[in-house]
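Shared between the two complexes below is chain A, which pairs with chain B and chain C, respectively.
Up next, the complex of A and B:
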């Protein structure tokens, strides 16, 4: 007790030196603790997103790219999977397929073309506005709303993917009809549209306008209209009826398909169907893919910890000798 | 482990810098055991305060981890 009193009196008298020591020690203790908290949280978040997505169907190739693209809306662009696969899963009656199309972006945020099932599947709630109902509607994540300072009533324009792609991707203006409540997940940083809207951005669907109207013929100004077909950059109540898609919808692309099986038996049957390596598609368990990624990251972290320990230990010896 | 090694190093070096003070205390009649008890008491006091501050900081990080993680990931993107 006496020693503690004396020690405290000494520390108080030399308060400057004591403060520096306290801060240095606190920082040394805080940094690894905070890193650990953030790492374990990131592990939990990554794994929970993976675990919440039972199966993922995509084109054969990198499983990690497919998972990152469909679950975290990263910039990886796996080869598209045909909508025929979605229909096959519907027809099988073993699972609910939810296609996601993540090829485009707007203002740095990924545009996710999907179906209404996605919102139920991820239990996404609206904090403002309404859900998707018309072609061209956009519902934005909470972070998108905050970062862009936009809300219901404003509009977003899709970013052109390639300036030299003259025949395909036209920027599309999309009215924001809803803002999602924050979920602290990649959904906060996404712009959700109907998958058909994503196909319009891709150039698969478009609208037409009668270039020559009866009034223009009567006025004699018909010759001024040179283009018979117009590509719309905005979908409005006036032109929405003219939008249509060319080709067979079964061939239209999706980046991946989230597959929600009815039960474990259905999941096993489905996995068996995609085991053939000759098929152009693969059915993966994103949870296992994310787990292997996390394991790899933590193996590297352990290695870094060992290296840091060695580095801290080795320079300390000469300084001790130098001091004495 | 590395953190504890670093703290040990900091405390050790701070006492090395105060070697003359300790030598004076010994000259004034303080026994070796007393000096060790004083230094231990000082170290314990310093560590308690530091641990408190670090725990407070870690608590704040833990409470906001998900939001801050999202922010960090956005920076990375």
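Up next, the complex of A and C:
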């Protein structure tokens, strides 16, 4: 009773100091609790995305980088895999390959070049507009639409890949033809285009503007078009037929290939085919990679909890309260 | 002196920490009477940091006397007080001791006070370690 009387008297008189102490104490309790909630949510999201992607094909290297790039559209840039790998999987008849090209971005959001199979595989629904049908079309995730304040009928421009790449291609203006319904996944923060559109951004494919004759310029019926004043390229109904790709499409790049096997047997056979370490590609199980990452995060969290617990239970020096 | 309690709360504090003592209207009346006798009756609702050192000392004296103890221990109780206050406090100490039939054991360097005590021990004689 006496302790409570003193405590309330102290709180009433030193309310500012007490408020700071209460806030600090609340923060000390809140941070581990918030971390726990955050980690649990992250774990659930990470694992569900990983578990929903049976197999992932990509260049040999960091499995984590490959997974983060293809599933979560992170900044990681794994070495590209050639499109012939996609054709090989198609030809094998054991799985459906879905290439993803995640090398570019627009307004801070990753541009994901892929095929229509991706939308079926992820069960993505449109909340507005239509799906991809023409070269240059873009379908944006719900978060992108909200953040950029754009929707069907608007356009977005791909960001230059490298400001210092002087002979790089111009950014591509892409009309937004559809907006996806929210999924609470990385798909909400992606700009989806056909993989051929991604190749156009990369400069593998391009179109040609109609040339203007000197006579048309001289008599004022046309202006001189010059690449020097063109800020970006645009695919229009007038020039779409002129767009073409140079080289063998089998050599064209994808960041990774999502492989959806027909059944467990097909998955096992496919995994066996890519066990050979001499191959330039690897077939991984994203679920296992993500699980390994989550396990590591939780090991670190456990260590931090132990350290925090020791610090809280054993303060560096005993507190002495002296009243005079 | 607890800085987060008012002068009145400080004086009555012994009632908070001693279960045998009952904090009733008599205790409050005694606290106010002691404060008035010490000249701080109008400052009972102030906190120690709003009082002078001498006023704080008078609160401490009131706190020591409010429970009407049978033994009052005083260590330079009037050291920080001006002559007028010193006389008043000493008078109060003696009055309270007499009223409660209590003993007053005081330590002081003030030789003028010595005649007022029944018994005096001069510690100066112990300076060499051997009593005179």
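Everything below uses one rule, namely that the second predicted complex is superposed on the first by the 256 of 324 C-alpha atoms of A that agree within 3 Å, B and C clash if a C-alpha of one lies under 4 Å from a C-alpha of the other, contacts with A are read in each partner's own complex, and residues count from 1 in each chain.
Note that in this section a residue touches a chain if its C-beta (ideal position, glycine included) is under 8 Å from a C-beta of that chain, and two chains touch if they have at least 3 such contacts.
Everything numeric here is computed off the predicted structure, so don't read it as measured data.
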item	value
First, second, both or neither for A:34, with chain B first and chain C second	first
Which superposed partner A:275 touches (first chain B, second chain C, both, neither)	neither
First (chain B), second (chain C), both or neither touched by A:10	both
Chain B versus chain C as contact partner of A:189, first or second or both or neither	first
Chain C versus chain B, contacts on chain A by residue	B
Partner chain in contact with A:21 - chain B first, chain C second, else both or neither	first
On chain A, positions contacted by chain B and by chain C	6, 10, 323-324
Partner chain A, residues of chain C touching it in the complex	1-5, 9, 16-17, 47
List of chain B residues in touch with chain A within their complex	1-3, 5-7, 9-14, 16-17, 34, 37-42, 44-47, 49-51, 53-55, 57-58, 61-62, 65-70, 72, 74, 77
Complex interface listing, chain A residues touching chain B	3-4, 6-8, 10-11, 17-18, 21-34, 37-38, 41-42, 45, 108, 143, 184, 188-189, 305, 308-309, 312-313, 316, 319-320, 323-324
Complex contacts: residues of chain A adjacent to chain C	2, 5-6, 9-10, 12-14, 323-324
